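Two complexes, one shared chain (subunit A), two partners (subunit B, subunit C).
For the complex of A and B:
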């Protein structure tokens, strides 16, 4: 197991008021993501627990793009990864953001 | 040198054929011979250095006679030149291992790709060339005409008339080339009958027939279990339907056998219908009878389907849908690989399929280290036939886009779409700086790298990240950046120039899901018209009979 912590500040606050959301499942090649409004409004923190070691640079790139392209301020994101590939990670994160922003 | 003035004999091949038939006659009773004398008969008929086709189709193989030939005495039979589309059985490799065959011209190796690579490397096989199906079939009539063809069929009568069943596949092409150039045609059949249900191969083109101890085996190669489809496949399918099929109005098409293309088939009656596309897209197909096409057929999307081969379990369904499929007077499917490949090359407006590696210019390859899989039909399906004449809406629209970007002067373009995830199994990146097939070409000293689909034929690359429209890219640099833009978090994707990608996106050469109004939460498995094999059986009203390996109820 590898734990990766990432934090970005100076972000636009996530709209909506859904307090938390869970997407995905913990399974091989998949991942579970818990999103909560539990960070300062301009900050997004992410903790990744992953069974696949050695991919920290890719996780950092995924999260960097996520906070650059979407309003994520105020979020605390916990990822329980079963070795999901980046396409799946990105899709799940966007699904989680949509649920939090509350349509 | 022999010139016309001195040549007196013009029928040597016919005499040669008569001598072979005579040599074989001690093992035969009319056209029939017993399975037990198969090896002896082949030793009597075939001669060293013959060109020989041991029918190895994508699905159907003359497996019994392949084993009989592999058991021949290499002292009698040696240096054969194998000219067949599929080298897919262990016995096909055994021919070379035992010194019976030496030279090989083929199209596809599939399960023998590893053994074939080792045999080439050790010098056991002398390679002529790796062809597409059509390239090999073409050469059957020019310079690779078989002396002897060993073929497989479901049934024969005593006159040698053959019923191939639904998997006609390559058989008529092989027999045409062999029988009419004075070669010998030998068939294995599952059963001898008084009258065949229909005549796929006329008896006067068949010399000898044996009843195989076991029916030939057919693997269900084209069945994709909807239960294995993920939300990523659904997302990719939505992108393809809304971002390509709809705007170009794709009605005539061919699908590869990947999971994402299966997802497209299963989204037509749901997502496609919600976009109002029924009757406007995906009506006419060059396609094997994919079980995942059943919901679209049952929902009235599909007008007709021509097939390269068949698929296990689809026979009763096809028999009950003759308006959709090509069937014989007996009611069962008639497939034909050569003609369906021609249809896919010339009569379809779109090919869409997956691959293992794509480089910065869109060249793709399925070659992995130590595996030589061959080409099959994809390079013909996935290429723009520059000589095409008849216009169609998608062809003209693609041609106009290419012309606007300065790419070529042809009035139209076929759409060739690569539909891939950015990473494959074991986090292997699909997008790479250099295809591994170049290493193979270097190692083997080949003049041309075994690229599957060449970048200049590819019009779109679709990933979960979005769509790169290469028609709208004016320069190699723009193509590279459009591909990088959809390459996700591979090294290739992470090295993109964001400013250039933004410019490409502004003019539609790169489209993200949000640009197409596709929300990530909309990509749900619930959108699939069938979510299991059992759902497909229900859609077919019980006519689809999935093989055991796909039954879990």
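For the complex of A and C:
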């Protein structure tokens, strides 16, 4: 198991007011993402716990890309990863953001 | 796009646990207990390099079904096969206990089972949780709350999960659903490919599949593979839920015994359909045609009374040679290892003795005898204490037994024991030898107290089998076993977890202790557990949350 913590500041706040959302399931090649409004409005923190070790640089890149393209301020994101590929991770993150931004 | 309409029309099999609940309950009515934000994860998985889930693979809570308040639990079959781990199990047990202890009783409890059984990485803890869940669900049924099992997910419904299903008031299953005690891979691994070729998928569905299980009355209703069909089935099953009492259980066990007698030894569903004069293509017709054929087949049939049990020569347990039990004259043993009889205490009070010994497997015939004898004890000797002697290698791993509904049969045994408890019989199990897997749940965990001889060998599965099934190195499992009792087979881990409460050698001390336990006016529950674990605290927490939401 490997734990990776990532934090970005100076971000645009996520719209909407859904307090939390969960997407995905921990399984081989899949992951579970819990999103909560629990960070300062300009900050997004991400904690990844993964069974696939040695991929920290890729996680850094995926999250950097996410916060650059989407409003993620105020989010605390927790990920339980069963070895998902980066495209699956991005897809699930976007799914989570849209659930949080909804009613 | 109307999301709820999409979920309702979508495949139940393909949906996640959360999607199934969203579609099953009245829109927006679901309130989750211990949601993912509480991060109730398994403490045992990280040491195996497995990522845990924030809900440990089970979603529990409260909601409305057709405007009536229900409690729900939905297993996530995609997470570690929906298996019963310690936290997962505690959430279910807490929900079931809370149904009875809360101020407002729910109209029903819905169990969306989707499970391969006990989670082998935490096998002992999961096994105990399954036992506790069965006792708690039968308490809820006894209190008049229907408990309904819905079986249509990816991993449904094997191992301990199949016993939970068998003990529910009613069951609905869809074509892709499967129900059995030992899954095809387990039988193939343990017995051999000539007994069961697990790669033969049509065979898997002919033995375990939804249509076979419904035709043989392992599941009461047959539902299309949609969430709305399961919703309709749940409402119907609640309306016709039978009470949990002796007459109904006796009817079920006699019915099943008749089927075992009529069909015993058949090894494939096609042979069964031929014997029952059903059309051979029953697995290929549409859902509606199948339902019509099944309904015609399920018209009441005359069932002869079960054959009298084989009364054999008086049976003396060599392991108890030091006079731990004083058998009266009419003790007996059947060819498949079921024993029965009575012993007398120093004070001259009679104790009923029943059990499965000599390492015999728990198969269909043994289950029928055990259920019938337990029913006879509760009917003919109200309140008489019951001592259960156990030495069994576990459930019988056989294609034929699975075909004819072994999970139902073992479920009947478990229900018979709990019913005896509810009728005021003291029930103590004496573990004299082995006790594995489903037999451990039914014959050991259903008792109020468990006493073991020092040479007893309880187990869920052996470490080599766990290694094969989980594809983990045996050395790794052995390493972890040295640090925690939740995994390794054996008496000491089960004692540390509280599943076995006392260990005594055969002899006068054991005899006196058994007599004390069996003659006690009441037994304090729960007793202290040597290994401090979060399990019971979590059950209590869920129970109080059920009462407060």
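Things to note:
One rule holds in what follows: the second predicted complex is superposed on the first by the 102 of 103 C-alpha atoms of A that agree within 3 Å, B and C clash if a C-alpha of one lies under 4 Å from a C-alpha of the other, contacts with A are read in each partner's own complex, and residues count from 1 in each chain.
In this section, a residue touches a chain if its C-beta (ideal position, glycine included) is under 8 Å from a C-beta of that chain, and two chains touch if they have at least 3 such contacts.
Keep in mind that this is a model prediction, so the values were computed, not measured.
Look at A:49: by the touch rule set out above, it reaches subunit C but stays clear of subunit B. When the shared chain is aligned, subunit B comes close enough to touch A:99, but subunit C does not. Contacts of A:85 after superposition on the shared chain: subunit B is touched, whereas subunit C is not.
In the superposition on chain A, A:27 makes contact with subunit C only, not with subunit B. Across the superposed pair, subunit B and subunit C touch subunit A at no common residue.
Partner subunit A is touched in their complex by these residues of subunit C: 16, 18, 35-37, 39, 41, 46, 49-55, 76, 78-80. Those residues of subunit A that touch subunit C in the shared complex are 1, 20, 22, 25-27, 30-32, 34, 36, 49-51, 78, 80-82. Across the complex, subunit B meets subunit A through its residues 230-232, 235, 421-423, 427, 463-465, 488-489, 494, 519-521, 523.
Subunit A contributes residues 52, 55, 58, 61-62, 85-88, 90-91, 94-95, 98-99, 103 to its touches with subunit B in the complex.
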